[in-house]
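As structure tokens, the structure follows; a few thoughts come after it.
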Amino acid sequence: MNIQIGRNKEVRRAYGIDEIALVPGRRTLDPQLADTRWHIGGIEREIPIIASAMDGVVDVKMAVLLSQLGALGVLNLEGIQTRYEDHNPILDQIASVGKDEFVTLMQKLYAEPVKPELIQKRIAEIKAQGGIAAVSLTPAGAAQYGRQVAEAGADLVFVQATVVSTAHLSPESIAPLDLSKFCQEMPIPVVLGNCVTYEVALNLMKAGAAAVLVGIGPGAACTSRGVLGIGVPQATAVADCAAARDDYYQETGRYVSIVADGGLVTGGDICKCIACGADGVMIGSPFARAKEAPGRGFHWGMATPSPVLPRGTRIRVGTTGTLEQILRGPAQLDDGTHNFLGALQTSMGTLGAKDLKEMQQVEVVIAPSLLTEGKVYQKAQQLGMGK
Amino acid sequence: MNIQIGRNKEVRRAYGIDEIALVPGRRTLDPQLADTRWHIGGIEREIPIIASAMDGVVDVKMAVLLSQLGALGVLNLEGIQTRYEDHNPILDQIASVGKDEFVTLMQKLYAEPVKPELIQKRIAEIKAQGGIAAVSLTPAGAAQYGRQVAEAGADLVFVQATVVSTAHLSPESIAPLDLSKFCQEMPIPVVLGNCVTYEVALNLMKAGAAAVLVGIGPGAACTSRGVLGIGVPQATAVADCAAARDDYYQETGRYVSIVADGGLVTGGDICKCIACGADGVMIGSPFARAKEAPGRGFHWGMATPSPVLPRGTRIRVGTTGTLEQILRGPAQLDDGTHNFLGALQTSMGTLGAKDLKEMQQVEVVIAPSLLTEGKVYQKAQQLGMGK
Amino acid sequence: MNIQIGRNKEVRRAYGIDEIALVPGRRTLDPQLADTRWHIGGIEREIPIIASAMDGVVDVKMAVLLSQLGALGVLNLEGIQTRYEDHNPILDQIASVGKDEFVTLMQKLYAEPVKPELIQKRIAEIKAQGGIAAVSLTPAGAAQYGRQVAEAGADLVFVQATVVSTAHLSPESIAPLDLSKFCQEMPIPVVLGNCVTYEVALNLMKAGAAAVLVGIGPGAACTSRGVLGIGVPQATAVADCAAARDDYYQETGRYVSIVADGGLVTGGDICKCIACGADGVMIGSPFARAKEAPGRGFHWGMATPSPVLPRGTRIRVGTTGTLEQILRGPAQLDDGTHNFLGALQTSMGTLGAKDLKEMQQVEVVIAPSLLTEGKVYQKAQQLGMGK
Amino acid sequence: MNIQIGRNKEVRRAYGIDEIALVPGRRTLDPQLADTRWHIGGIEREIPIIASAMDGVVDVKMAVLLSQLGALGVLNLEGIQTRYEDHNPILDQIASVGKDEFVTLMQKLYAEPVKPELIQKRIAEIKAQGGIAAVSLTPAGAAQYGRQVAEAGADLVFVQATVVSTAHLSPESIAPLDLSKFCQEMPIPVVLGNCVTYEVALNLMKAGAAAVLVGIGPGAACTSRGVLGIGVPQATAVADCAAARDDYYQETGRYVSIVADGGLVTGGDICKCIACGADGVMIGSPFARAKEAPGRGFHWGMATPSPVLPRGTRIRVGTTGTLEQILRGPAQLDDGTHNFLGALQTSMGTLGAKDLKEMQQVEVVIAPSLLTEGKVYQKAQQLGMGK
């Protein structure tokens, strides 16, 4: 709060993942000695990466595969998968519509109501194939379908909105979801998000969150910042919420994982988030590029189908390899989008971090990767725009 | 005043709207609970958005429609509308001329004098259709046509120039407009602008301004910064002038609305200006994209027709929807240029602001949306320049 | 000297013209009341703008025309004009050669020696047509041709190199030019440059400079920064050297004009340099765009012909209007490259500065015109790269 | 450590070469008086530039030629040259494969094992032609082939990895290379790197390094920052490690040269690194552009062939001249990529530095060459994307 942008308006400088880099210390270690295990809601996973609850990223097959590969995928219970028995023709439509008709199509497709029986069916399908059934609902959906989700055998439920708070004001006619009561009543762990500040993260932990999602505005397919003006650069948001986790743990002895969510594309981005204090990350677009992803080479934001104020966009991300390649390698691309586990282990090894707790303590520098004149030439040449 | 750019030259860092973002607090609320009402010159409006007094943005039809939709449009009384009885063939010409001939054409079209009878006719047309007749004049035009405008029944008059001040020096042969005297003598409220500093904003309030326009240099179709070197980034200008409003109110009990004018394109921009302290905003190019706009998909600056020093440019903005879609939704675009009211209400809800006074107090962070290397790839792909 | 880029390496932040903007104060005045007169070497000029001593910018005709229009042009006495009797076929060659052969051609063309008789002839031609004969030499050229230049009737001589200093070490075989002795012995005023620091500017004044040129590295056709790593952003360089001028004037009563040289393209750039403390500016590429310019729509740096280390480049600037339009208007372009006098007067009027001394005192803010995501879309559309 | 990016996360701002520029002082000198000699591992060289140990940059012929021209080239002993008897068809393949198959091809080519007899043969070839045999090994390679290299008559060995440290943890089955013991046992000087911090540089000196390589992440063909999130901007890294050198020299009397390695493209980059404290520089891509370079106009990173986590990329750099032109001129290009010796001498002359120790003390300013709106137009025009 030390910068004055104008009289009586004091603000703070927040930093994004693109503005920082990690600094090797005195020790290095073999990547194979780097222990990447973590816990979320009592479930141990080898890889601290969660696939986002997005239509183009996670379906039943992806959820099962991600579980088998040591990670986690979250199925969106208010998306295409629970509005349509057969999602294939729907996803074909989304992938083939023109850019200008995309928003209208999404608004139309989401006019179809969510089917409670499909919620139960999808959870059962994941469990039947041995996957971890992590699912997501909006606060409104949680109030409506929470019990069914638990009864259907889900392992973990994410209650997720652009921004959640423990103090939500609604019109008198609508009873808002009491997050604290919901966490208490659900027989399974509840992950809450998203938030970006120390105070709200702390409040969500006090409400009983099993983990807290951090990130507003930074996602590639998210246009919240443009539409609403809202957003906090991710390095600062993660560091602040991690401080809340540490203070809460100090006080209560309960450790609530912080999951950085949004805008992460490369292995380097993942490493940097953990170095800022995250326990794990949630990513969407990198998994949308998997051969097995439901998106057919496209990725789109979950705020897109809003009937009145869509604020997500569709991006053609292409298909670059199998989910295994993306997650565990071997990599066939050299740009940091293949072999996330290998990248994390190599980064930890290079930085001398034996486990994620040590990785959270490595030195960070402000090192903006801003465009300079020289780089424009370089990029222009690489993009074939050359002189 | 704490940065030394050179010996004996102390300066201050000013911040633009692109450099800031808004931070959610502890509370959220339902967007429908967000009250966006405001007052300008004693007139209450539901939506704190004014359409700029520009040829391509506001004609009689737009002014009426904006009034009906809860906003406000200002008709330029020294533009095409009052120089030509039938503006249609003129606007066709402007839209069809080549880029290289544009400035010359504008200079020629504006050589035609303003017709006093058309001033009165346009005001009468707006009133006849039930619209609020908000009109604009330059200081010179105000001296000449002020009385006629009041007699014709205008509700609100904007006296607007790139920069106004209460202390203007003229050659002896020309008597400058005394703003203070003008405000006193006009039987209708007078809005004054533009200015960018605390001192000038305060002087304009003391002179009797009903509202003050803030912004020099930031508009998309304005090239003042390139031509004259003049401009203050909008976040700082708004915060400074809002401080003048608060101090003036403290002292006098009269509340003079601050209107941020120039360079605002998305709902997010509007939200950020209010968070910096603005009561309302004035926008041009976003409305030039309406089906009903006179500009035929083009937008141009009002300094363009200057016979000796044109400093505005013409931009093809395209036509993206109806005025209602742009102002009140539902949105068919996901980039923040449709449904401004919905965006403002959703932003206020997300930030927990019940009314605009609370919105002026939300937390702001410096969070530059600068181009990074990674983003250039992304953008290049979106623009179809991909590798 | 307050930023540590590393242990034991303290540096200072320097600012460029692109990073600042000018802030209107409490007063405005009519542009026609703005007095732009200045003096250089005892010569009064209406417009504080000098055309650079570059092959593509100033020949005899341009020097005469610039004099008539109230400005000044400097003829390079070691360029094409004094190596070739008829420069026309030479300039045709330069304009028509391919980009890859340009440097080699320039090296070849400059292998032709300077002809003393052409030095005298060019000066005589300017004088004969009533122009002010301002000419330029390198330090080595000054030692060799200085006397001839004075005898030929030149009014003003510029001794100019990328960097000059009063303490130059040479191999024993070569006697360096003693700037102080040269200034004393020449019967006409001597302008010295370029420099960028307070200390060197002060030393040049003490050596007898009639004016000091400020600027290293910022020119569009100069690649010194890339080749040598050398350069100081212009706002800081100008402010520092202006402080030297003020201190020197305080001490001696002699006022030595500071001329900002390099990298200025628009009227706004010129206004900003004066606001940083410059008395006048020297510009090249904006005049290379004149119909009368010798460059045939091209502009190139004077360090280009170096046989071993060329560090200038050729830029196609196009031809946009007459010299009069560029200098005094009326403008047909809206981007700040036409009507520099009008731009300066309008800027002074808007800022309330009655003369250049007041313009040197106007408020400056740091207001980077950096590229943001939003602007890239805009630019891309304007450049026709749009989606 | 004075910037808080979030609660409990203090960081430091690091600066890159693109963000700084050099400032002329009170004295200048003739470039021919600038003494550029330096020492590395007891070997004196006229030019403080080393060609990187990369497949596309140094083969036997290049190593010999670089020695003759006053510089130094390092042969990678675990690359193409020692895996294949005849590298020509291999390099043809690398140059002709499509972008998408490049990584896979490199992984395949590097599956071929290193041949100890080729290690000895290459060293012998360099020595036979009178070149300085400077060679490089990874830490693992050093453990395996160190003795052979010394016996084959190498003059200098570089033990180089992305990041080295004196405290490396390995799985119990693998004995890590003890750098200190290795330096002691080798009969020839050992250069160690890369590192980026004061502490590690000091540790490497204490371990016996003859010189220390500084730089992680900045290379054009290196994608470590994207893949691993690791990197320290070069100006800060060099200044910090140079401070370690000075402190170590103060304490022990042994002077260990600091070599800036990675991301340097122009003469200006080289000058700036030395001004930050480097004794010499190591460059790759600028030499890959030589007619004699093995890369056939391509350049690629040495981390590319990793079977599981490739993090280098291939760049088409083109062929712009002979090695002599690039190193000693005369230059035919004006962009700082020809005549590095001339550029260094001219920069030193302009800055008044008689030798490299003085060059390390010249004034540096923060002067970001960031992209501004104006420059985008310029660049776009130069790139032929113009309006």
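When the chains are written out, they are named A, B, C and D in that same order, and each has its own residue count from 1.
Just so it is clear, contacts are C-beta pairs under 8 Å (C-beta built on N, C-alpha and C of every residue); 3 or more make two chains touch, one makes a residue touch a chain.
For clarity, every value in this text was computed on a predicted model and none was experimentally measured.
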{"item": "Chain located farthest away, centre of chain D as origin (C-alpha)", "value": "B"}
{"item": "Same or different residue numbers at the chain A/chain B copy interface, by half rule", "value": "different"}
{"item": "Euclidean distance of C-alpha centroids - chain B vs chain D, Å", "value": "54"}
{"item": "Centroid distance [mean C-alpha coordinates] between chain C and chain B, Å", "value": "38"}
{"item": "Multi-partner residues of chain C (at least 2 other chains)", "value": "14, 226, 236, 266, 369-371, 374-375, 382, 385, 387"}
{"item": "Interfacial residue positions of chain A with respect to chain D in the complex", "value": "14-15, 20-30, 32-33, 198, 235-240, 242-243, 246, 266-272, 275-277, 329-336, 339, 342-343, 346-347, 350-352, 354, 363-367, 369-378, 380-382, 385-387"}
{"item": "Interface residues, chain C side, partner chain D - complex", "value": "3, 5-9, 11-14, 16, 18, 103-104, 107, 162-171, 174, 195-197, 199-200, 203, 216-217, 220, 223, 225-233, 236, 265-266, 301, 304, 306-313, 315-316, 368-371, 375, 379, 382-385"}
